[in-house]
Every structure is written in structure tokens, then in C-alpha cells.
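Two complexes come next, and they have one chain in common, chain A, joined by chain B in the first and chain C in the second.
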Partner chain A sequence: MKTKIEIRNLNVWFSKRQVIYDVNLKIPEQAITAVIGPSGCGKSTLLRAINRLHDLIPEAKVKGEVLLDGKDVYKDDPLAVRRKIGMVFQKPVPFPSMSIFENVAIGVKLNDLAKKEKLEKIVERSLRMAALWDEVKDILDSPGTSLSVGQQQRLTIARTLALEPEVLLMDEPTSALDPVSMKKIEELIVNLKNDYTIVIVTHDMRQAARISDFTAFMYDGKIIEFNETSELFRNPKEEITEKYITGRIS
Partner chain B sequence: MNEDEIFHLFSLAVASISLLLLALIFVVLVQYTFPVINKMGINYFISTSWNPVFGKEEYGILPYFLGTVLTSFIAILVGVPVSFGIALFLTEYSNKTLKNYLGTMISLLAAIPSVIYGLWGFFIFRNFILEYIERPLYHYFGGLSIFSTTPTGLDFLNGGLILAIMIIPIVSSITTEVLEQVPTEIKEGIYAIGGSRYDVVVHGSIRYSKNGIIGAILLGLGRAIGETMAVSMVIGNATGENALPKSLFSAGQTLSSLIANEFNEANPTSLHPNALIGAGLVLLIMAVIVNLSARMIVSKYKR
Partner chain C sequence: MISTISLRVKKKIQNTFLFLFASLSTVIAIIPLFSIIFEVVKNGIKAINLDFFILLPGPVGESVGGIANAIQGTLILVTLASIIGIPIGVITGIYLYEYGREKKSTLISFSVDLLYDLPSIVVGIFVYIVVVSPMHSFSTIAGALALAIVMIPIIAKTTEESLTLVPSTISEAGIALGIPKWKNIIFIVLNSAKSGVLNGIILAVTRITGETAPLIMTSLGSTFWFSGINKPINSLTLLIWRYAMQPYPSAVEKAWGAAFLLLLVALALNLIVKSGGKSK
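So, the complex of A and B:
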């Protein structure tokens, strides 16, 4: 399988506290890679290093390389990087005082990627891909905040897809949702992998087992083990991985 | 009665007093204003004449009302963008240490007694704006009516600019507070779709805090309307017809500066005190309306 993102010797500090230690990881194209591990182990920090979200925090320092198709994102324009590498967050928050339509269209507008006539098509396509179109096609002018939380999360996925990114980063995208919404999003993620490279951070091991092709186990800021998901869960090579997946550490 | 009940009653009584005071002040102001309205009728509100000489008495507060509106308008026009810049810098660009220092310095501006602003405005700032703002504007654009008066430096512009400085602490601190409440998820959401810092501010922070920002501006307006000392020292203190705002460079008067300047000379047997108290009533009503709407907007926002 072709590697889409290669992380090389990545280290991240917040002020003087080191959070990520020498991470090396090859994330395969058009597959779902899950990052699991106990809370505070650095999963989200690792994810945010991929689309350079740490740039915004003055205390954060990132060292190492993140190669997207062989090109270091830290030597690219950060705005362009974030267009190519979309991100979905744990808590879905629609943009303030924007309609459902505007919520999806905003990224395209901000980046001047399409003319007005095309915008409607992009919005429809994105909402369809996010499995939300049928529920909102008649209320596109209603505020994004009027949707249920589960719908809001699909809305934020749609707004990310509108930019036609190559990679989707998902930071515990279902942990704020009810089981029914969670199931919908999981189905959606599995469908999206045909077109996208997906990296999902989750503290729910069963979720990783259900939907991912590859799994990385992180502990204390280090990647302990990375393998095909079925292999990692069936035959963990490291003792600590086994302890984690059998619930003896959390 | 147990301790709790006594304490409850006591705090209730103390709390009621402030409400009672407001009502009482309002009633007394109305009562004292009545005689002058009785004599002047509607002219008290729309006339420009002001003559406290016994036997020839005439009172119209229109020029001072307009003076209050004009100086407050200048204050908002100049003070709000500056406050806004400060708030945006503090919340979006500066680091924590700088933010603490700068935030404290700016709130210290509010601790400066207003008479000091007045002194500075009269002796120093006056010469500065006369030399670098008013004379050049008058020279080149004297044809425009807003710049058409021979400048002296003691005028609506000076009053308005002093007020602008004086409202910066409150407007910038409330705007900062409001901007700080913008959820990180919204900001990161915009960054994550390739937005720049500018996009985050315009499409995220400002949109999210619209109401709070309007509230902050109204609170600043409330301060500008009521501020007395500094304004009365720099506004030129014209009365009657002369106090009508003819240009930014004409001397004038606000409702509050009128009261501060004349209360001491008002003959208690004439209607002069009543005319001044009437100006106070109008001022109070303006201030209450502005402050109430500001607080309503801000509290609605906080919920």
C-alpha cells in the first residue's frame, strides 16, 4: 500500500514539557488509520501536528518532518496544508450565525476556490457525501446551530469535504454523540475511505477495531506499536499494548 | 427569627435602598423640572435661547442636548475602533504575559481621575490638536461646514476626543472579555478549513460576539454621555445660540458641562435651578436608556 503521510522523528513540546517523543509513522493512502491510547498520551497532539494546528499556539514547538506525498508540510504554506488536510473535531461547533449552506460553503469562499454558480453544487455534493443532504435539503437557510449534535457533526464533516481535501484527520469525532449518531458517522467514515486517507484518533478501542484498517497504539507520547488493526488486536507484540487492549491500563 | 432570616431581611433592605434611591432621584428631578416646563412649554426642549437674567428668563436645552450627542458620537467614532484593536490584539495576537501587563495598563487608564484628563486636555492636548489637526483642516477644508469655524482648541472636537480616550478602558475590557468567550472549536474550525487569522477574527470571533460587542459600545456610550468634569474643562462653554454645534471647531456645551458650570451661580428664587435640574433629568433618562439596553444585550449574550 502506498504511503500518503510519513511522519519522521516528530517531537512536540508545550513550553518545556515534551508531549511527543520521536514519532515515526507511515500512514497508508485510502485507508483508515486509528490512533489509540489512554487519555493524555499525545494522540490529539500528534494529529494536530499533521495539519500544523500547533502553529497557532505560541507555547507549542514542533520538530521533525511530516511528509505529505513526500513533501514536508512544515516547508509548505500552512493555509494550503490545512486545505489539503481537513480536520474534524471532537465537539461539533457550527460557525456562528451562518446557515447550513454557508457553513459548508465558507471554506470554499474563504479560499476563493469556486465561482458562485458552482458553490451550490459543491455544497450539495459535500452534504451528500456526509450523509446529511436528505435531512437538510429543504432547510439549507436555517442556522447550522438548529441541527441536532449528530447532524452538526456531519455538517462539520461536510464543510471539511467541501474543500476536497486529500486527507481527513478526525479527533474523537463520535465521543460527544449518542450511539445512533455514532453508528451513522462510523458508516460514513468507512464509505469515505475510498476517496480519502483517514486518520482517526479514538479512545474507544472497539471503534478502532470496527472501522480501521491500521492501528497505532500510543503511550506516553511514543508510538508503541503500529500494525494492521486485526493483527494488533489479535497478536499485540508489546506487553503494554496487550495490557491496554485487555483493559488492564486505561 | 433566626440568624438566617435576619440576615436575609437585612440584605434585602440594603438592596432595596439602591432601587429606592434611583426612584427617589427620578421623582425629585421630575418635581423640580416641572416649573420650568410649565413656563417654557415644549420650547424648553427645542429652543436655543438661554437667559438666566431675572425678568428676562428663557431656557432651551436643545444646544446642550445636541452637544452631548455630538461629543458622544465623536467619542464612539474614535474610541471604539481603538478599543477594538486593543481587544483583538490582546485576545488573538499577544501572549499571556503581554496580555496581563497590557490589560492592566489599559484598565489603569480608567483609574485616572477625570479632572486630570481635563487638565491635560486644556493645557497640552488643546495645543496639539490645534496645531496638528484643527488648523490644517481649517486651512484646507474650511469650506466644509464641519470644519468651518476658526479653531481655538477648546471645542466639540477636543471634548469628543478626550471622551474617546476615557471610554477606551471600559469598551476594550468588555470587548476583550467577550472575545475570550469565543469557543476554541470555532476558531480552530476556521483554521482547519484553510482560514487565515483574519478569517478567524472576521468570520468566527466577531460574528460570534456581535451582541456582546454592541453591548460594550453602548456601555462606552453611557460613560461618554454622563462624563462631566473633563468635558466641561475643554469644550469652550458657550451658551444659548452660540452653543449649537456649528462645526467640530465651535465651542459648545453638553448637558452635564452646562450643569457643572452654572449650578453655582443659579439664583434659587429664579427658574435657573429648575432649568439645570431639567437638563439633569434629560441626561439621566439618556444614560438609563443606554445603560439598560447595554446591560440587557450583554447579559443576554452571557447566557
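So, the complex of A and C:
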């Protein structure tokens, strides 16, 4: 399988405190890679290093390389990087005071990526891909915040897809949702892997087992083990991985 | 056992006492407010008729004439002040939000705080020195500038506060879409805070509509219509200030009428803020 993102010797500090240590990881193209590990081990920090969200935090320092198709994102334009590598957060945050339509269109609009006439097409296509179109096609002018939480999360996925990214980073995208909404989003994610490279952080090991092709286990800021998901869960090589997946540490 | 019961009784008595005290204070605070409103309405309504709205002030001491030029003047002054003050206030608020914690903005945040607490008469004196004196004339633009200076810190502060209240996850979501920083602040964060920002603007407009002190030494007042931004201009507050001190009952009545008008404007603006706050 082709590698889409290669992380090389990545270290991240907040002020003086190091939270990511020498991470090396090859994320395969058009596959779902899950990142699991106990709370506070650095999963979100790793994810946010990939699309340069740490640039916003003055006390954050990143060292190392993140190669997207062989090109270091830290030597590229951060805005272009974030358009190519989209991010979905744990809590859905539709932009308040914007309609459903505007929520999906806003990224394209503010990045001057498409003419006005094309916006409608882009919005429809994105909402269809996010499996939300049928539910909202008649209420596109309603506020995004009027949707249910599960729909809001699919709205933020549509908003990210509107920019036609190549990679989707998802930080616990279903942990704020009810089981039905969670199942919908899981199906959606599995469908999306035909077109996108997906990295999903999850607390839920069963979720990782259900949907991901590869799994990375993180502990204390380090990648302990990376393998095909079925292999990692069946035959963990490290003792600590086994302890985690059998629930003996959390 | 006994001690817990007595403790409970003590708590209860304390609570009752506090409740009574709070209610009493509220009543004491409200009485003057309502008596002012009552007086203004009672005396003001007598002055209101068509002439009041469309005629220039009559000769001193006579009951003919109206206050049309003061209404016109207040509209012009507030509009000009808003054109100057709103954009500067909002931009300053954005700046404080973005750089508020950094060293380079301490001068600005200090100035805004100072300006916010400055008595408005001092603003009037300042504008007198830097505008009226060099121009050798009281003027509409000087009055508008003074009012704009009163507006700016109010708008800057409310804008900053409203922006700070927007969850950082919203700003972050915008950044994650590759939106450039400044566009993100304006079209995502400010847009999310717009009801708060609008409230601040209305608050500031209400405040300057009722300001007298900064106008005394800048726009001066006038018995004629507006005749150019480099000429003095009348306003409701200046008219009240001048007429209320005159010995003629007809003048005092017009002052009450103008006060009544200002009260209505303040009420209307307040209602806008309230209803806007609810719909969000």
C-alpha cells in the first residue's frame, strides 16, 4: 500500500514539557488508520501536528517532519496544508449565525476556491458525501445549530469535505454522539475511505476494531506499536499494548 | 440535635432577612427612576405638538416655535459620530481580542480603559483644544468627533468581550478549514459574536444621544438649521441644558418635551437590545 503521510522523528513540546517523543509513522493511502491509547497520551497532539494546528499556540513547539506525498508540510503554506488535510473535531461546532448551506460553503468562499454559481453544486455534493443531504435538502436556510448533534457532526464533515481535502483527521468524532448517530458516522467513514486517507483517534477500541484497517497504539507520547488492526488486536507484540487492549490499563 | 435545629432556624432567619433587605434596596433604587420617568412624561407630553417637531425655536421667552433643529442636529451628530466611531471601535476591539495578552497592545488597552473612564467633559475640552481652537470656530464635526471618542471605548470593550465569549473551538474550526487568520477573525469569530457587538454599538449610540458635556465646547448649539459641518449645530441635549435654565415657562416646557423625546429614543434602543438578545 502506498504511504500518504509519513511522520518522521516528530517531537512536540508545550512550553518546556515534551508530550510527543520521536514518533515515526507511515499512514497508508485510502485506508483508515486508528490511533488509540489512554487519555492524555498525546493522540490529539499528534493529530494536530499533522495539519499544523499547533501553529496557533505560541507555547507549542514542533520538531520533525510530516511528509504529505513526500513533501514536508512544515515547509509548505500552512493554509494550503490545512485545506489538503481536513480536520473533524470531537464536539461538532457548526458556525452559529450561519445557515446549513453557509456552514458548508464558508470554507470554499473564504478561500476563494470557487465561483458563486458553483457553490450550490459543491454544497450538495459535500452534503451527499456526508450522508446528510436527504435530511437537510429542504431546510438549507435553517441555522446549522438547529440540527441534532449527530447531524451537526455530519455537517462539520460536509464542511471539511467541501474543500476537497486528500486526508481527513478525526479526533474522537463519535464520542459526543448517541449510538445511532455513531453508527451512521462509522458507516460514513468506511465509505469515505474509497476517496480519502483517514486518521481517526478513538477511545473506543471496539470502534477501532470495527472500522479501521491499521491501528497505532500510543502510550506516554510514543507510538508503541503499529500494525494491521486485526493483527494488533489478535497478536499484540508489546506487553503494554496487550494490557491496554484487554482493559488492564486505561 | 438541638444545635442542628437552631442552626437551621438561624439560617432561615438569615435568608428571610436577606430577602427583605434585597427587596427593600430594589424598591429604593426603583423609586427615583420611576419618579423621573413619570415627571418627564407628565411635563414632556404637554410640549409635544406638530410645531414642536417642524419649527425652529421661536424668540426667547415666547411660546411659539419648536425644536426641529435640535432633532436634526442630534440625528446628524449621532450619525457622523457613528460613522467615525463604530469602525474604529470594532477594529480596536478586534485588536484587543487578538493581542490583548501581549505586550505590544498594553498601550492600546490602557488607552481604551482610560478613555472609558474619562469624564466626557474632558473629551470635550480635548476636542476644543485640537479642533475648535485651530479652526477658530465651534463646529458640527468637532461635536461629532467628541461623541465618536466617547463611543470608541464602549464599542471596543463590548466587541472584545463578545469575541472572548466565542468558544475557541469555533475559531479553531475555521483555522482548520485553511481560512486565513484575519478572515477567520472577521467572518467566523466576529460573525459568531455579532449580536454582542451590535448590542455594544446600540449601547454606545444610546449613550452619545444623551451626552451634553462633550458638546458644550465643540458643537456649541444653534438656533438655526444645520448649515455645514464647519458650523455650530444644535442638539436635543444642548437645548435641554440651555432651556431648562431659562426663567421662561415656555422654554422650560420645550426642555421637558426634548427630554421626553430622548427618553423615548433610549427606550426604543433598549428594546432593540433586549429583543435582539432573545432572538439569538
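Convention: the second predicted complex is superposed on the first by the 250 of 250 C-alpha atoms of A that agree within 3 Å, B and C clash if a C-alpha of one lies under 4 Å from a C-alpha of the other, contacts with A are read in each partner's own complex, and residues count from 1 in each chain.
Heads up, the rule we're going with is that contacts are C-beta pairs under 8 Å (C-beta built on N, C-alpha and C of every residue); 3 or more make two chains touch, one makes a residue touch a chain.
Remember, predicted model here, so these are calculated numbers, not experimental data.
With the C-alpha superposition on chain A as described, chain C and chain B clash in the combined arrangement. Contacts of A:V149 after superposition: neither chain B nor chain C is touched.
Applying the stated contact rule after C-alpha superposition, one finds that A:G86 touches each of chain B and chain C.
With both structures placed on the common chain, the touch criterion links A:N111 to chain B and to chain C. Legend: residue contacts after superposition of the two complexes on their common chain; A:I57 is shown touching neither chain B nor chain C.
Of the two partner chains placed by superposition, A:M1 touches none, neither chain B nor chain C. Shared interface residues of chain A (contacting chain B in one complex, chain C in the other): 51, 53, 56, 79-80, 82-83, 86-87, 89, 91, 93, 95-98, 106-107, 110-111, 156, 159-160, 163. Residues of chain B that touch chain A in their complex: 95, 183, 185-196, 199, 203-204, 207-208, 210. Within the complex formed with chain C, the chain A residues making contact are 51, 53, 56, 79-83, 86-87, 89, 91, 93, 95-98, 106-107, 110-111, 156, 159-160, 163.
Listed in rising order, the residues of chain A touching chain B in the complex are 51, 53, 56, 58, 79-80, 82-83, 86-87, 89, 91-93, 95-98, 106-107, 110-111, 156, 159-160, 162-163.
Considering their complex, residues 167, 169-170, 172-180, 183-184, 187-188, 191-192, 194-195, 280 of chain C touch chain A.
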